[in-house]
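In what follows, chain A forms one complex with chain B and a second complex with chain C.
And then the complex of A and B:
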């Protein structure tokens, strides 16, 4: 396990290095003069201003030196400054990140917890109608656009319960009830596709496991169906769910960026779309780097958890 | 030909396969024939008939400029299929080439290629696409390029595994022993055997590419107005949601049906082509 952990850590360092190079090259690979584009989106272009911005971003140094300066800055927690406001990018991201993480996490929890009973119930429904219907609903659930679902929720709540707060944001400390009321629909819209995918996965894993010899043995020795399902089948069926959850966290975060726009929530979505519109490339860079690094770590943790939970995983 | 026919029959025997194929045909035909079958010019404004509900003149109503929603949706599907199709073809060509060549040549080249693919896979899909569009600027071609780049590693990984097994197989070695060129071995012996995994993945990728394109357009980072685009229509319609929800409701429904059709088709194809993977 130790050797496996170390090897995965080495993988992680290599992947993060690659991610950092790609993100670093972003501004440098922009067709045309990135500095001119950034400046042109916001003020009049003058040679002095061009030179000043180039100097500020360090774009007049050799590429390797630029990368080194940037990387050592990032490792010290310095993601640079926002081009227009001059505010540290780290602070801008940290101000927006908690809300997006909250939405992502709540959706993840809701999706995972609901998928267990739905997966179990649907595993008992094994005739051909059930088979087709479960599959159709699961696939429809996975393909339904969350931002459409969110829009429908807003419309329906307007029709059915006009006073219910659907749009905007209230800090938790100010009004906890209003805070969670406004997150209800975004979280529902975001967790439904996850719920559909996880339920289907759990169902098919359960069906595989229920046809195994050790389940037959358990039933043959007279254990109740309850114990067979919960103690023998479900425990093993939850393991593959763990790996998928790591990958799904990335999708959910991406989905949250879009869904935030539907509900006018001031999270990472608004930050990055705003940054693109004003050509604030360093902010786009910082956001992508930080979020991707976060997910690389989460997936490492998921892999390690998987190896720990399932002794059959080879460490080779 | 008889092979194709029995294959189609197998697909249709599954109700979900029939549904998926039907939806896919409907969407593809609707998109391709949009200029011919759309009842109105998707850009023509009729200020007097703004924000109208479904009627005999406008089956799906009109938007805030009095443009016909059905016509805009048909053209939007066309744009969406164009972007999704182009991106999957790009990912398939580049990813397929990288995966097969990595498996064929092996060694340092293989490790290098697959490492780079790992790096691309580390990014959350939407975020990488957003980053690429931020660099290149938002328009249809760049959206297709961005989604294509994001999907490339998926295809590279997909074909590398089976290609590795095939490379060691006796008939490939026999072909090499007979002096077949690398290109010939890859084109005649490797690719045909990879066709089914590629077909399934392409179909499923089209389904998700439609969703990614719609998400990007919804954020204003995809197709630009006034060109009809499903994501953009849904986004613009939200301002008038309480007066006239039709634009948002129907454009979202079109995204769902397009994505659902390809996904059902891919899902059933996977069962039909590989009976070992009986999907549930």
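And then the complex of A and C:
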């Protein structure tokens, strides 16, 4: 297990290196002159000014030198500075990251913890009227995008419960109740598609497992239905679930970007979209690198969890 | 009968009293779509920035709702008979938000900061004709121009006065704004809100009425719409025409409207075929049905216009002055034939995908032009590519949306003079150059009006731009928002007079 973990970590370093090269090249390979595009329609741009900005951003140096400067900076924890305000990018990210992590984690917890009982009950009462209803909601949940759900929630809460705070953001330290009240709908909007997908997956995996021979054996030797379900069926059904949760955690992060736009929450998504709109390239570079690193890291955790849950997975 | 009369009178007086006595206090919750990149007034180009800092900073002059120039930090001014020397008497007793007293050295320092190439200010070139600026005692500033420049007073409204000592001491204007305006900077929580609070030492007695302005940054249009309908927000400044249509019948919400300076246009490259021929440009104008564009693209909320916005009252010529505005596809074909294109012409229209109004306009234009033998292909580009092609004059034609200026010179000179800073059409006409120079140097209003009337006729039909539609500028507010007046420049000047009825 240790050797496996180390090898996976080595893979991680290689992937991150590749990502850093891609992110770095991304803004340098866009068609046209990045500096001109950054300055937009400002009509006062003289060649001097272009040159000055190019120098300030280090874009006049050879590509390899630029990459080396940036990479060594990143390794020291220095992601550079925001072009327009000069604020350190690390601080900008640290100010936004906790909120996005909070929304993502809450949605993940809600999605996972509700999907297990719902999945089990759906498998148990398959093809009953109740299960048809759950299935309908679940399929709707899988197909409806969270930004649309978000707008719908804001609208419904305004119609049904005017005065309930749905838009905006209040820090936890300032007003805990207001903080969570404002996160309720974003988290619901984000977790519903996940919840629907996971419970559908768990249901079908469980149904598959429950028809296997070893379940029949377990039942035949007189084990209670409870033990058959939890100890024999569920544990095996969790393996594909973990894989999907891992993949979904990455998508949740992507979904959080959209949900932050809809609910006007100041998280990473807003930072990235803002940076792209302002053509603040060092900031785009830093944030994309971080998000990709997060994605890669989650995948590592999934692989490790997978190996832990299923002893048949090869370590070597 | 008599009693009813008295009651009526009482009610009338009551309502007048209500209308006349603004209430103090309260925070105006404003929702805006994007966050400013920074707050420095001398480098700002984005509208998101001006909306906020317009309440913090003031210039020597200001432009009001009728686009007239009014005194602001200058109490009065004298212009020498040759139009070369402007002497401003500054308002006394004005202090910056940091407590520093305002005087002539701040004006000189602000001007020099804008002129300094290191600042890279987008307004610098508007002051090219200023030879020298000097303080004459603490309350007087003298500007010497190298040649007369009539729009000077209106341009000065765009020169925000910053505190010289704060800037010299390394103060960071991008992140902490310090001005003399009705509201002072309080707090900026990135991607959440910018809070301004009442400047208790504001020089306009008794203003502002509100305790605070909070600019909530809400990127999603549907969220802003529900936010103002539900009362979470009081005010949505300068909204899209489509959002205005949606909010028109929302209970508790009212719309402010004024004529926008911004307009949609089709720009043509006069160094390429077929638009190098003025007859082809004229033919194109005959082929356009601007009234149909107003309906199809602006939902009826706009007016056809020439080179100047109808908001520039006294300057803008009525469209009846432009013969080519009488839609006539047959005449367009005839002109094309005379220009040597009996079989019509093919060309490409570049457009910016992110602005819905522009894409819609390009598509309607495409259909209208086809009827007259102009076969247009539309190419939708993203911002960076569009700006690049635009700057390098690499287009046959493009459709776009442009802002305007409060003085006719501002827009016309930079766009149509030979080598002008936004003359990407490479247009060059000796008579137009001559008129543009006369327009900015003539010192009497009558003389200037005559010059601009001639220019408009000359540019409307054969110029490099087919001006299409000037939209209506809408802002949405809750019913209890009082005292606000919209300004065609999109400035929120009158938030200083705004109050919340409770």
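One rule holds for everything that comes next: the second predicted complex is superposed on the first by the 296 of 316 C-alpha atoms of A that agree within 3 Å, B and C clash if a C-alpha of one lies under 4 Å from a C-alpha of the other, contacts with A are read in each partner's own complex, and residues count from 1 in each chain.
The definition used in the following text is that a contact is a pair of C-beta atoms (placed from the backbone, for glycine too) under 8 Å apart; a residue touches a chain by one contact, two chains touch by 3 or more.
Keep in mind that this is a model prediction, so the values were computed, not measured.
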item: When chain B and chain C are modelled together on chain A, clash or fit; value: clash
item: First, second, both or neither for A:151, with chain B first and chain C second; value: both
item: Partner chain(s) touched by A:143 [first = chain B, second = chain C, both, neither]; value: first
item: Contact breadth on chain A, by residue count: chain C or chain B; value: B
item: Partner chain in contact with A:26 - chain B first, chain C second, else both or neither; value: first
item: First (chain B), second (chain C), both or neither touched by A:273; value: both
item: Chain B versus chain C as contact partner of A:87, first or second or both or neither; value: second
item: Which superposed partner A:297 touches (first chain B, second chain C, both, neither); value: neither
item: First, second, both or neither for A:131, with chain B first and chain C second; value: first
item: A:264 touches, of chain B and chain C: first, second, both or neither?; value: second
item: Touched partner set for A:214, first chain B, second chain C, both or neither; value: neither
item: Clashing chain B stretch [against chain C; choices 235-243, 253-261 or 271-279]; value: 235-243
item: Footprint overlap on chain A, where chain B in one structure and chain C in the other make contact; value: 30-31, 151, 154-155, 158, 261-262, 273, 277
item: Of chain C, residues touching chain A in the complex; value: 34-35, 37-38, 45, 117-118, 120-125, 172, 174-175, 189-193, 216-220, 222-223, 226-227, 229-232, 383-385, 387-388, 390-391, 414, 421-422
item: Contact footprint of chain A on chain B as seen in their complex; value: 15-16, 19, 115-116, 118-120, 122-128, 130-131, 133-136, 138, 207, 211, 214-215, 218-221, 231, 234-235, 237-238, 241-242, 245, 248-249, 252-253, 255-256, 259-260, 263-264, 267, 279-280
item: Partner chain C, residues of chain A touching it in the complex; value: 30-33, 36-37, 40-46, 48-49, 52, 84-87, 92, 95-96, 151, 154-155, 158, 162, 167-169, 261-264, 266-267, 270-271, 273-274, 277-280
item: Chain B-facing residues of chain A, complex; value: 11, 14-16, 18-19, 22-23, 26-27, 29-31, 131-132, 134-136, 139-140, 142-145, 147-148, 151-152, 154-155, 158, 200, 203-204, 207, 250-251, 253-255, 257-258, 261-262, 269, 272-273, 275-277, 281, 284, 287-288, 291-292, 295-296
